[in-house]
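Below are structures written as structure tokens.
Look at the two complexes coming up: subunit A is in both, with subunit B in one and subunit C in the other.
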Partner chain A sequence: MQNVVLQSSVAFAQTSLKPELGFINGMAIANRYADPDVESRHAAKLTICDVSCLSRFAIKGPAAADTLKAKGVELPASANSWSRHDETLVMRLGSSEFLLEDPIGVQQCKGLSEQLQSGDGVHVVLRNDASFILSGELLDELLAQVCAIDLSGPMLADNRLAMTSIAGVSVIVLRQEVAGQSLMRLWCDGTFGVYLWETLLDIIKELGGGPVGFNQFFNSN
Partner chain B sequence: MKLLQCPVNGIRPVSEFTYGGEYREMPDADTCSDKEWATYVHHRHGAPGLKKEWWYHGPSGTWFIAERNTLTDKVSRTYLYGQENKA
Partner chain C sequence: MTLRIAEQENEWINRDMPLTFEYEGQQIEAYEGDTISSALWAADIKVLGRSFKYHRARGLLSFANHDVNALMTDGQDTNIRADVIPVTHGMQLTAVNTDGGVLKDKGRYIDKISAFLPVGFYYKTFHKPKWMFPFWEDKIRKAAGLGKVNFNYPRITRAKRYAHCDVLVVGAGASGLSAALEAADAGSQVILVDENRKIGGSLTYDMAADVNTGSLLKQLTENVLNHPNIRVIADAYAGGYYTDHLVPIVEKRGITKVRAGSIIVASGVFEQPPVFRYNDLPGVMLSSAAQRLVNRYSVKPFTKGIVVTANDYGYRAALDLAAANVEIVAVIDMRQTGADGDLTAKVKQAGIAVHLGSCIYEVVPTSDKMGVSAVVVCAYDEATAEADLHQQVVLHCDGVAMSAGWAPAAALLYQAGTQMRYDEAVQQFVPNQLPDGVFAAGKVNGIFELEQRMLDGKRAGAEASRYLGKTTVSPVEVTAHRGNSPSHPYPIVNHPKAKNFVDFDEDIQVKDFINAAKEGFDNIELMKRFTTVGMGPSQGKHSNMNAIRILARIRDLPVEKIGSTTARPFFHPTPIGHLGGRGFHPHRLTAMHEWHVKEGAVMMEAGVWMRPAYYLPAGVKISNQQAVQQEALAVRKSAGMIDGSTLGKIEVFGKDAAAFLERFYTGKFASQKVGNSRIAMLLDEAGVIVDDGVAVRLDQDKFYVSTNSSNAATVYREMQRNLQLWGMQVTLVNLTGVMSAMTLAGPSSRSILSEVTELDLLDEAFPQGAYREALVAGVKARVMRVAFVSDLAFEIHVPSSAGLHVWQKIMDAGKTYGIRPFGTDAQRLLRLEMGHHLISHDTDGLTNPFEAHADSLVAMDKPFFIGQRSLKILQKKPLKKKLVRFVLDTNFSEMPKECNLVIENGEIAGRVTSISFSEYVNRVIGFAFVLPEQAKAGNQFAIRTDSGRMEMAEVVEDAFLSLSQG
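For the complex of A and B:
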């Protein structure tokens, strides 16, 4: 049997940048694009990082909340908000729809995927997201160019998330601390990943930033 | 920029929404007359005025009802289907 290596849905757009690849959760991911000093400067100024390889689990339906609670997952109380269960990110996308994402080294989503199946009142949703981290001091300037609502203010405060359009693509966005840095997380349908990556990276480069690899925010080794 | 209030997600630019047609009460197909049913299926009331309409917020997948004056394009309120009295 062949060993299948998954690719990020954005991999096609990253090939010309010749990234140093790593393998996380069975997916090849760009670990580094440039010298660490250059990437650190990009991260401080303005950057985008592809984190599509993180494990996700999604479930919806009238019994979705009870099903997750029965598995011991603590849920955000209100729709359009997020919380942490242990280290796993738990997003409540509506009264009855949830998206979970594990950081590196946590197996919560894998466990739920194996244990839960669609059935009465629950539907396990197959997610194929492209997922990015956006960060840097010019982040608000980037968002002002691609999003019609103001995400710099209270819109994303107090663990709220927003479902809106960025550069015409439907996305989920939230603000988060990763490795002590305040940044923005973004998820979109994987088929829009290349377009969104290229569009955002164009603007990021115009503003003096650049892409960074997965290692900038997570230690994958 | 035109803005529309999604009952779940709040105020968003209208470019995030899709119009889903006028909301009209469906007569009971088992008890209504053929004439009533034919009117429901085939006739549309195109005169401008206050209408209930289906709208869809794409990024979150939310269908809801907007009450909109099609003469002035002013939306008086929006609410989830079945929650008219809560809005």
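For the complex of A and C:
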């Protein structure tokens, strides 16, 4: 068995920023780009953080909901909404499609990946998400420049999520609290990750913000 | 001399911030907040530009963003609207459309020969004699246009924003402010937009010397600015109306696309000039322009002036001017009946004479024809529009303020689909039937009296709230207009010597309309195009209404029967940079992109993907053609690897998976064994080939299908669509971006791959077309034996996050074998050598399988597949073309190119679809469409090159590799 180093799909865009790297779930991830004070200022103003390294599990098919329930996973009641099962984020993308994501230190997704296989009416779906946190006081100004729908209002209230287009890329977005901060989560096809990171970061920098590393929101140590 | 006056209560200039700028070489002093025009006017400079056609001297007209004869260039920017653009320190301005400066413009001679340039002259004059047309075309092109395009203009990215609100209010005058407050009080989120730097609309300049106006303005402004539910966007205009209440707001920083729940249009009206001889001279301006000068910028429009009016508004203007110590010689009222008694009394109290039933017959220009020295006042017959020269008086003055009426700023309403009607009470088009969610308020709605305007705004705000479901909001009643009409039905004064201008953009006079009608252009749309009225930069904002009135009188029809034209979005000129804005051009990168870049890959766009075309590593001195040949030779002699992550990859699973593929593709899949692959060719309903890929059977109810790189999204979408139509139990998962793929090809590929996997790769265990799952470089991989670019090749699919790792490990393992990465250019050559055509490259939007020797992939005996019905029809018809492999004669002189034509007996018989020199085969090889009778192996055919030479080629049957192998 060889030692496999997984790459964030956004890694190429981050190379020139010379980040301090860490390894989460086998993936090299940018832990920090700058002095913590600078990153804190970015986080308060406007920032983007690559969290593609978080573990995910996706399942699809007419029996998907029952399969997850049988494993004791509490599901959001309706499509296009999310909930927490313990600490795991459970997103219901449709009536029969789910995406789960573990925070650091939680093994729910890994467990499900090992326990569940595709079968009658259920399909375990491979994913390669580029996943970002967007936050800061100018978040709505950023969203106003990249998204045609109003993500600041009720669209994402009450644990709703939206599948929409940001800067021309199909994404899943929701709002949540991480480390006491209200922020936006975003997932897109990883092959668009570099483009979306660069596009969003360009605007973020114009607005006086900057990137932050994984450690800004999670303790990877 | 300065025309600047003492500080006015609500002036917009900052006297603490003086500045200087240059105009036509002259240093001018101004204040921060001045527009270019106000600063020049304050400095007693009144020639602000030259007219477009006759190059007549022009000054202020509207002072409201429509003074298209006062456009400036400041070096980088051109066509700067001097009437509204703030002047800044250090500006170096010149007027556009002059030759030799605004005062000594050489083009002014055209005014002297204007009699020879009648309406429509350029339609009729320059095409006879025909040989003279190039001469005239050159002259006309040079004369056309305003300003000069700066081809070195920097690209400045303007962000495009989206905004959302419950109610969008366009116009922040008295009615708009009231509407915004009413809607906001009801709980709606309101965006209020206004083109002026400060909100308030006419409250900021139309005072009629009443001090209460300022108090009202202050109160309304404070209420709006302090309201938590109202967002004010000033110094911006609503550029158009689009479906579902989408309105682009154009600001200096860029465009904001506002999606509103409802819209209230309170955009007001454009003042319309009365028409009399020399109404265009510098110093003659609309009354509202004079009021703006005085009350916003503290500048006198003139020192001793005349107010000519055809409504009560002129009296209000006279009072404002008199209050600012401008000497008003007289108010010339074109109506016999005069104004409201109270207004008349106030004007007379101010010492101003009032002449009823009179008109300005003509303005007497100064000797240089660049100003006003006097006006000739005559008795006026409203019925005939004629002046009675027997009753005339000459009044000396240096300026004229003119009022005749208003035209609604209704562009947004028209664009939204509002039905308008002509209201005789106000002599104006007003909304008759508004679309759902669109409301009008204030002057644009035909409501003019201040209190009623505010009430009308409140009504619109209440109606918008109720439309949005706030049904508890009480409706508001508004009284229709009473009293004198704010607009005169025909404020025109005929003059035998003309120069009584209707359109100041295009120098169109009353006689031009009469002549156009005589020539048969007596429909408003035809007349517009023949006379060009309303086709200048101001788009008829101060000319269309008079044009309609003139045409109505010519045809003896009511104005309503003439109708009006619609200004399309954007209704005001908008910079192209704003329209372009920040562009989003999504592109996809594979997991190995970083590696490719480091290794010198020259990237190309392949659909939305970035792919290596070929590699030119640093320090290697070879041409791109050499690089391609070397990459291809590496595959033939040892091994090469290409990043194939861009292939479409779709999982199809469910109990109907095989049956679904049978219907979707041309081949058979029900009998396909698990662990095997088959070619999957997709047709459209017309039987045209649209894609080919490979379908691997992973399990009885699970397939893994690949598509061409550029077709992944299309094929997936078609699968989803047909799945819905057919109602089959199948689930689709698009893994295109999830799985990285790489093809390791060449005679050493098996040896190299065996160093990173324990999978048995020998032919017996892993034959052509087989599929296996195994660890490759420690990563769970899907491996296929393929033969697209080489007889021995392995396609390896792994999760994208491990793509770079696996790629690197294989490249490391291949070093001792001389492995090379190869790009898409080499791939195209390699597949050509193998004799494989590329869908959409060697085929086109008309090619069916029978023409592309793909018959064997079509199972016509199936009950159904997409395109089968068309193929059954095509099968019975003779072929029109056939795709063949060919080699070029070794003695060719000129290398043909793709798309060069195949010629047979002087006729087009086909075309080259692919062609390339193969170093390995040592021949030029390719694909071409030829006539079916030319398709037999050994047949010779001719290809016509770009220069017209005929090069001979020969049809070959087998793969080109056999040529090399002897």
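Everything below uses one rule, namely that the second predicted complex is superposed on the first by the 220 of 221 C-alpha atoms of A that agree within 3 Å, B and C clash if a C-alpha of one lies under 4 Å from a C-alpha of the other, contacts with A are read in each partner's own complex, and residues count from 1 in each chain.
The rule is simple: a residue touches a chain if its C-beta (ideal position, glycine included) is under 8 Å from a C-beta of that chain, and two chains touch if they have at least 3 such contacts.
Please read all numbers here as calculations on a predicted model, not as lab measurements.
After alignment on the shared subunit A, the placement of subunit B and subunit C results in a side-by-side fit free of clashes. In the superposition on chain A, contact of A:Ile203 is made with subunit C only, not with subunit B. Touch criterion met: A:Asn80 reaches subunit B, while subunit C stays clear of it.
In the superposition on chain A, A:Gln107 makes contact with neither subunit B nor subunit C. In the superposed model, A:Ser182 makes contact with neither subunit B nor subunit C.
When the two complexes are overlaid on their common chain A, residue A:Ala148 makes contact with subunit B and with subunit C alike. When the two complexes are overlaid on their common chain A, residue A:Leu93 makes contact with subunit B while staying clear of subunit C. Between subunit B and subunit C, an angle of 50 degrees opens at the CA centre of subunit A in the superposed model, to the nearest 10. In the superposed model, C is the one of subunit B and subunit C that contacts more residues of subunit A.
In the overlay built on the shared chain, the residue A:Thr164 is in contact with subunit B alone; subunit C does not reach it.
Touch criterion not met for A:Asn219: it reaches neither subunit B nor subunit C. After superposing the two complexes on chain A, the shortest C-alpha to C-alpha distance between subunit B and subunit C comes to 6 Å.
Touched by subunit B in one complex and by subunit C in the other are residues 148-149, 168 of subunit A. Chain contact summary for the complex, subunit B toward subunit A: residues 1, 8-9, 11-13, 15-16, 57-60, 62. For subunit C in complex with subunit A, the touching residues are 159-164, 256-257, 259, 582, 584-591, 593-594, 597, 609, 645, 651, 653-655, 702, 731, 733, 735-739, 756, 775, 777-779, 799-805, 809. On the side of subunit A, the complex with subunit C involves touching residues 1-9, 11-12, 15, 27, 60-62, 118, 120-121, 123, 125-128, 144-150, 153, 167-169, 189-196, 199, 203, 206. Contact residues of subunit A toward subunit B in the complex are 79-80, 93-94, 148-149, 162-165, 168, 170-172.
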